[in-house]
Structure formats: C-alpha cells, structure tokens
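The next part holds the structures, each set out as structure tokens.
You will see chain A twice below: alongside chain B first, and alongside chain C after that.
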Partner chain A sequence: MNTIPIIIDEKKLEVDPGKTILEVCRENEIEILTMCHLKGVLDIGACRLCLVEIEGINKLLSACTTKVAANMIIRTNTDRIKKYQRITTELFFAERNHVCAVCVANGKCELQDLGYKVGLDHIRYPHLFPQCEVDTSHPWYVMDHNRCIMCTRCVRVCNEVEGAHNWDVMNRGHQVRVISDFNSPWGESVTCTSCGKCLHACPTGAIWPKAIVQGQLQKNPGMINELVEKRKMKL
Partner chain B sequence: MKSETAVPVKDMPKTDPRMKLIAAKLKKESFKPDALIEILHTAQNAYGYLPKEVLSYITKALHLPPSRVYSTVTFYHFFSLKSKGEHTCLVCTGTACYVKGAQAILNEIERGLGLKAGQVTADNKLGVQVARCIGACGLAPAVVLDDEVQAKVTPEEIVQKINAKIGTL
Partner chain C sequence: MNRQDLKTIIYAEKKKEETNKYKHKICVCCGAGCISSGSEEVMKKLQEEIKTRGLENEVEVIPTGCMGPCNQGPLMKFLPEYNIYQKVDCSNISAIVQSQLIEKKPIEDLLLFADSREKPFIDARDDPYFKKQLKIALKNCGHINPERIEDYLVHNGYLALDKVLFEMSPEEVIAEVKQSRIRGRGGAGYPAGLKWETVYKYVNDQKYVICNGDEGDPGAFMDRSVLEGNPHRVLEGMAIAGYAIGANKGYAYIRGEYPLAIKRFELAIKQAKKLGLLGNNILGTTFSFDVEVRIGAGAFVCGEETALIASIEGKRGTPRPRPPFPAESGLWGKPTLINNVETFAAISPIINNGGEWYSEIGTPKSAGTKVFALAGKINYAGLIEVPMGTTLREIVFDIGGGIQNGEDFKAAQTGGPSGGCIPAEHLDVKMDYESLVSLGSIMGSGGLIIMDKSSDMVDVARFFMEFCMDESCGKCVPCRVGTRMMHDLLQKICENKATQIDLDRLEELAVYVKETSLCGLGGSAPNPLLSTLRHFRQEYENRIVQHD
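Moving on to the complex of A and B:
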C-alpha cells in the first residue's frame, strides 16, 4: 500500500492512508490525551481532549475522528491545545460529584490520571453538584451516576461488542444520563447479559463490581479490543 | 414476511382505536426500525403523550433496544412521557411576544388558573407550555390554544377563552 507523508510536531512520518491522526500518534509514541476513545469501538469525538491543530484549518479537530491526508502538518502540544485540555478537564470535574478520596477507583481512574497530566490544581468553574442516583439494583455491579463523565464507552461496548444495547443516553445538555432500558433500574433490565464489559470500558468509578473496596478495583479496557480482534479471526 | 403484527399488548384493550392507528402505521412502515420517529409521531398525536405500554409495544414491534427508544423520546421536545392535558395552551415567549407582554399572560394564567408553564391541572383538562418562538411575530403576543393561534391577545382575554374551553367540556 502506498504511504503518504505527514508532519506531526516537526517530525516527518510516512504513514498508511485511511488511518486516523490518533492511530498514527499512538504508533509513533506521540502523546494524545483521550477519554471517550476506546480501542475496539467506534470513535465519536465527544470528549474533545484529543484536539489537534492542523495547518490551514482554523478549527481544532479531534484526532480520533480525523483521517490523515497527504502533507498534513499537525501540532499536538501547542499552548492553545494545552489551554483547551485544561478547560475540558476542569469541566469534567465540575459537572458531576467527583470525590477521589471516597471513590472505589482511586488510583485506577483515567479521569484522575488526566487531572495529574494536565496539572490540575484547582477548578475555575462553579461545580454543578447535581443530584445523581446510585443504582445498586444489579446483583453484581453498581452504576454511580455521580462519577459518570458521559464518555459513552459503556454504551458503545454494550451495543457494538456485546450486542445487547442495554445502555443508552437520555435527555440533552447537562441533564443527560446513561440509562438502562426504559430508564429503569439496571437489575430489572431485560436486555443486560451481565457480561461486565461496560465495567472494563468505564474510565472512572462510575461502573464497578460489588464487594470491592478501594484499592481492589481491576479494570482492563484493553480486553475490549482483544475481544474484537479475536472475533474477527473466528478461530 | 415476519408476523410482528401479533405482538401482544398487555393492559391494552385491543379495540382501542388509538392502538389500531399505531398498528396501521407500523404495518405501513413495514416494521422498519428506521421509521421509529414517524411511528412515535403517530403515537404522540393519538394519545397526546407516550404511555409506557405504548412505548414497549413499539419497541417490541420494531425489534429495537428499549434504551434506544427511550433515548429518542427524551431527546426530542415534541415527544412527551407525561400527559400534556386534554386542552393545551402554548404561550409564545419569543423576542417579539416577550416584548409585547408574554410574561403578563403567563402571570395572569398562573393567577387565574394556578398553573405555571410546563404544568397540567390535576384533572388533566389543561396543560400550559411555553415555546421560544412559534414564527408568528407579527401577531405578538401570540398564544396557541388547542392548535389555534390567538393573535394579539390580552391576559384577561386568554384566561376567559381558556375558561370557556374547560367549561364546555
């Protein structure tokens, strides 16, 4: 296959066309922050953390949904991008009730890691402190909406990999919530297969197994892509 | 051909003409999942809102995940999960109507009927809603009473008309 030349952060690369900027960056060890991206499921460009600058385009474009084109000049770590990454991270924390100290995912949380990466020391926006439910109706798992960042990784895994489509998103704007069936308790779901893939896909402590305390949580989001690849092989 | 027509509906009289309307629409759209919004439109128009039993009937007939249907219903303002009332009073609060006194109309409705925007009377006879702009700025302030546009209304006039509507039922 013919390769095309592109430049990322002054680095000249020869890459396969058809790949996204994010894929190319990951292959070449150029760091791009992501939250809603999960290898193995469809990229939707929702979290806006992977924004990159492309010469000749005024807008910042999301690396996960933009394909590389010949002679693209891409920058991933300018001051403008860093500013937006910081804003996005602060808004994540301000939107729901994230309290790391009492969270089961403390130390194993992608949102927490993101906070460290962008050097989050304080949040400039007023917290919304919404009233969120904690759904403990499922026999094995818990869904805590306080810790959900609406990345919809669970929704996509459930739909694309498991094929159950137990999860979806209701309402709009700041009232959005991940729902099970007709916004009914997870334990009463008729579509859920209790496979637990959403738990591994969840980047925060929003979905976690019962009978687990802080420090014991093991999440393996890489498992999703392994599953997808194995299914393609049809061994 | 699949035989989805025979989806059983619990707690729903089979002779309900509104259910027949939905069943006919489902058949017309050949049970295609893509036609979800059109079918929801039919159901919303028939019932005035979307009861849960109707939603689960449509979900089963189209073979869609329940969460997808619920997501669609909550995304669009046209669809409603609660009854909007037998009679509806839609007060336009667009810029022109607002300047011409839409707030006074809402205040008068609240004073005279004890209803705020978005509420429905306990007997389900009247529901009051607001819209950002109904595109009738030349008629400001405009109110839509049961799909009938009332032009250049005064607060007293509209409460009188509402009372007449509720009274005649």
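Moving on to the complex of A and C:
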C-alpha cells in the first residue's frame, strides 16, 4: 500500500492512509490521552481528551475520529492542549462522585491514571455531588452511576460486539444517564445476556462484579478488540 | 400534469384574479402569533358580519400567514386600501366593517400604530415598518392563503421549478445559486451555492435534501412564519435543490412545537403531489422528487445538522464529529444537502430573477435579505425582512418603531444562545455576517431581542447559559459539564457571592468550552457570556465581592 508523509510533533512519519491520527500516534508511541476510545468499537469523539492541533485548520480535532491526510502537520502536546486536557480531567472528577479510596476500581481505574498523567493535585471547580443511583438488581453485576463518566464504552460494546443493545443513554446535558433497556433495573433486563463485556469496557468503577471489595476489580478492556479480531478470522 | 397543464392552471387562476368580482379583499392574519391572540374567532365573526350585511359577493375574506407586527395582533388588512387594523377584537368588527365598507373611511383609532409615532398611517405601506423592508423570502406571506396551492400559483409559484426542469441543467442551477452569493440562513452563513456544488460532485445513486426547520433559539420564529405563511415556496426550493444535486428524496425536519407549520406543510405536499409538482415524473419529465416531514421532539441540539440527521435515522439526536461532512456522508451515509427553511424560501426568486439580481441586494460579502424576529422591549415586535447591511438603528427605530415607553436602547441580542449582545454605541453596525462577528456576536438564524435598561446583562448571560446547559446533549465533556460549571458561576455572580477568582475561572472555562466542544451548540454556548463580558464588563465587576 502507498504511504503518505505526515509530521506529528516535529516527527516525520510515513503512514498508511485511511488510519486515524490516534491509530498512527499509538503505533509510533506518541502519547494521546483518551477516555471514550476503546479499540474494537466505533469512535465517537466525546471525551475531547485526544484533541490535536492541525496546521491550516482553525478548530481542534479529535484524533480518534480524524483520518490522516497527506502532509498533515499535527501537534499533540502544545501548552494549549495540555491545559485543556487538565480542565477536562478536572471536570470529569467534579461531575459525579469519584472517591478513589473507597472505589472498587482503585488502582485499576483509567480515570485515576488520567489524573496522574495530567498532574492533577486539586480540582478548581466545585464538586457537583449529584445523587446517583446504584443499581444492584443484576444477580452478578453492579452499576454505580456515581462513578460513570458517560464515555458510553459499555453502550457501544453491548450494541456493536455483543449485539444485545441492553445499554443506552437517556436525558440530556448533565442529567444524562446510561440506562438498561427502557430505564428499568438492570436485573429485569430482557436484552442483557450477562456476558460481562460492559464490565471490561468500563474505564472506571461504574460497572463491576458483585462479591469484590475496594481495589479488587480486575478488568481486561483489551479483550474486546481481541474478540472482534478473532471474529474477523472466523475462528 | 405536464408543463402545458401547469401554464393553463396558472393562466386560468390569473384570469380569475383579474376579473375578480370582489371589490374588497380582507386578509386576516392566521399565523400562530395572531391565532393565539384570537384571530380565528375574529375571522369567523368577520365572515358572519359580511354575510349578515349581504356583502359576500363584494368582499372576499382570506386567512393568510404572518403580516409582521405580531405583538399588535390579531391583524386584519383591507385591500386595496391597505388599511391594517391592529388588536382586532370581535366586539369592534361590526364598527370596522360599517366604517370601512359602507362609509368608505377607516377608523383611525384602530389602525396599526406604534406608540412612538404621532398618529397611525392610513395606508400601511407608508409606515416605515413596511417601507424600509424588502420582502423576498416572505414575499407572499400575509397576502396569500397558505392553504391553497392556487394562491401560490397565481403569484408565479412553481414557475422556477418549471424553468429549471425545462430550461436549465443542474450545473446551470448551481451556477445561478452560486452567482446569487446567498449564504446559508441557518446561522453559520456558509455559501449555499458552494454547498450545493459539493453535494452535486459526490457520485452516488442515492442523495438526499434536508430542510432544517428545527428552529429553537428563544425568541426566534422566522422559519415558523415562512412555513406557515408560504409552505409551497419552501417545497419548491427543495425540489429545485433536488434537481440540482441529483436527489429524489427530501426530508423537512420541523420542530414539534410548530403544529400549524407541520399541518400546512403536509397539506402543501399533498396539494403539490396532486398536481404532479412533486412525486414521480414531475411535470412529465424524468425528474422525481418526494418530500416527507419529520417532526422534532423538542431537542434544541437537533437543529445541529449531524444531530438532525441522526434523529431522522431514528437514533438519539446527538451530533457526531465532522469531517466527514453531510455533503459527503449524511443521511444513512449518503451525500446530503442540508439547508435552512429561509435558504430554500429564497431559491425560487433567485431562479426567476437571476442570481445577479439577488447578489446586488445587500452588501458585497452578505448578499440578499435576511428575516429577523424582533422581540423584547420594542414597539413592533414581530417578523421583518431587510436587505443585509441595514443598520441596527434603522431596524430598531424606523422599522421597529423604537423602544417601548420611550426608554433608552441598551442592547440587542442577536443569534440567540449562540450569539451575543450589541451595545448602544454600536447601533450603527451594519447587520451582515462579518460586522456582527467583529462585535463578538453572530448573525445566527435571525433572532433579535431588544433590551432596555431594565435588562441586567449578567442575568441575560445566565439565562442563555441555563438554556445551553439544559439543551446540551450530554455527549461531550466540555459542553455537558462545562456549561453546568459556567452556569453555576454565573448564578454565583448574580447572587453577589462571586470573587475575582470565580470570574477568572469563568473566562477560562468559556474559552475552553468554545474551543473543545464537539459541535456548534457547545462551541457557541459561551458567546452570550463572552460578548456581555466584552461590552458590559463593569456590570460583572460591580457584583464581585471585594476582599480588602
């Protein structure tokens, strides 16, 4: 296949056209922060952490949804981008109730990792402390909306990989919630196959198996893409 | 129906109009504004009155679309005298009919009148309100019965469609639209001809035309009035667009809060189909075009094109990142042309009179006319259409009849929740795309809210931020959480509890949300805040808690 030349952070690269900026960066060990991206499901550009500057385009574009084009000059680590990544992280933490010390995902949480990466030592915005539901109706799993960051990775994995479409989103703005079926308790779902993929897709401690305590959560988000690839091979 | 049949119908209808047996025509405004103030009862009462007096062979009473000064409704217009009565009440209809039709003189006290003027204009066309306007998109609104296709045909309706089908190639149609230099009237002002050409160039068996009628800005009702007052004009524009880009299917996405617009538009589709002006083999040609109405369910964000497309597809109405733009991959992944109601309404005059004619109206960079919805503390609140480049002063004081109760003008808010405020020192700004942007506001879809000194600018910013916060779809973080944070900070300032640090954070957040949001809703949500900060910073600072 013909390759095209692009420059990312002063680094000259020859890349395959048709790939996204994010894919190219990951292949070349250029760090791009993401939250809503999950390899194996469609990208939606919702978390805005992967925004990059592209010369000649006055808008910041999400690396996960923008395809590379010949002679693109991309910058991923300017002061402006770093500043915005920090604000986004702060807003994630301020939006719902993220208390790492008592969270099942402590130490295994992508949001926590993000906090470390952007050097978050305090949050400048008031915590909103919404009263969110904890749905324990499913026999094996728990959905804790307090920890949900609305990345919708569970929604996409359930729809695109499992094909069940148990999860969806309701309401608007800061009132949005991930819902099971038409907003009934998860345990009463008629579509959920209890496959547990959403649990692996979830970056935080929002979906987890019962019978574990703080810090015991084991996740393998990489298994989603492995599954997708294996299916392509028709194994 | 073929071409000859159309001409025959138009000829017959024109003949009927010329040999009109009626001496008088009374138009009663039946736009949603006037209906809500009782124009349907007025119409009924008027018809009874005409009948009791035995005048039904002399006087024709027709319901029309919006006439303009909505806050003075219900409005009733007598032709050919052009006497317009305002705030018509069932109780004074008898007196009006007696005076106007029997004694042949108007009742001056009941005529359309702005408080700022000395006396009403007998012939309403002398009123600067009408004199300074130039109606292209609204041309037939208020003159014809929107529920009769014949009324539209008499006023050269569907002649432009006839012209493009028989005399022009799609390339020529696009060239004409490009030459007109019309820019998208939905708000962003992207050159319409360029958009048409882009969609035309994508090769695909299936393409779509979408008419965006999901008008959601508070205080704006341009699209509603066009759809209610002259639905066929929009339909014709869509069909012409379909021919130009090679689409055989169109969707009109109209917000659910506009039941009358939906009813009239659906009726228009039915009538046009019956006459073969829509559907298969239009006017006997090989061109087929069908239009379906899709009703919005009350989400402001569905006015954003990618969210609108998702909504038509039956999905949750949330925007997706662009590129790819709908021109390349739109409805069901097919090349899609999406334009605003007002843009489509301007197409048939452009085809009939030529692109050059249209391009000479307005300013060099913003051609043509723009419909504005005047609201707020102004004497004539309602719908107007003026050439681009008309100054704000002319709109407020000449056309709008000045500020209510003789107060001083403080600011005008343009572009709704995506726009900004223009202070009194910029009253002479020309209303065109570039000038408004240079003042930190935008043209937007045409909402124009006039404020006097009773308006608190911080509260105005808070109101619009609350609107954006509630209407954010919740998909991307900056818009979902950022608008909430900005709203809370603005609320704190309104309550005189904020410090300088809060104000600094608010400004930082505003720029962040503007630059990082996924779609135009979030991207423009900080505009009312930023523009009030720019022009009325003192009002913010006065409320900041000072620490010694």
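Convention: the second predicted complex is superposed on the first by the 235 of 235 C-alpha atoms of A that agree within 3 Å, B and C clash if a C-alpha of one lies under 4 Å from a C-alpha of the other, contacts with A are read in each partner's own complex, and residues count from 1 in each chain.
The rule is simple: a residue touches a chain if its C-beta (ideal position, glycine included) is under 8 Å from a C-beta of that chain, and two chains touch if they have at least 3 such contacts.
Just so it is clear, the structure is predicted and the values come from calculations on it, not from any experiment.
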Q) Putting chain B and chain C on the same copy of chain A, do they fit or clash? A) clash
Q.
A:G40 in the overlay: touching chain B, chain C, both, or neither? Say first, second, both or neither.
A. neither
(Q) Output check: A:T191 vs chain B and chain C. Expected answer is one of first, second, both, neither. What do you get? (A) first
Q | Per-residue touch tally on chain A - higher for chain B or for chain C | A | C
Q: Name the contact category of A:I87: first (chain B only), second (chain C only), both, or neither.
A: second
Q) Between chain B (first) and chain C (second), which, if any, makes contact with A:Y125: first, second, both or neither? A) second
Q. Should A:G115 be classified as contacting the first partner (chain B), the second (chain C), both, or neither?
A. neither
Q) Which partner does A:D181 reach: the first (chain B), the second (chain C), both, or neither? A) first
Q.
For A:D168, using the defined touch cut-off, is the partner it touches chain B, chain C, both, or neither? Pick first, second, both or neither.
A. both
(Q) Contacts for A:G205 in the overlay, against chain B (first) and chain C (second): which applies, first, second, both or neither? (A) neither
Q: Using the superposition described at the top, list the residues of chain A that contact chain B and also contact chain C.
A: 168-169, 171-172
Q: Write out the stretch or stretches of chain C touching chain A in their complex.
A: 299, 301, 316, 320-321, 323, 469-478, 480-485, 488, 505, 508-509, 512, 515-518
Q: Using the touch rule from the top, collect the residues of chain A that touch chain C in their complex.
A: 44-48, 51, 59-62, 65-67, 80, 83-84, 87-88, 91-92, 94-95, 124-126, 128, 150, 168-169, 171-176
**Q.** Touching residues on chain B, where the partner in the complex is chain A
**A.** 52, 55-56, 65-71, 74-75
Q | chain A - residues contacting chain B, complex | A | 159, 164-172, 179-183, 190-191
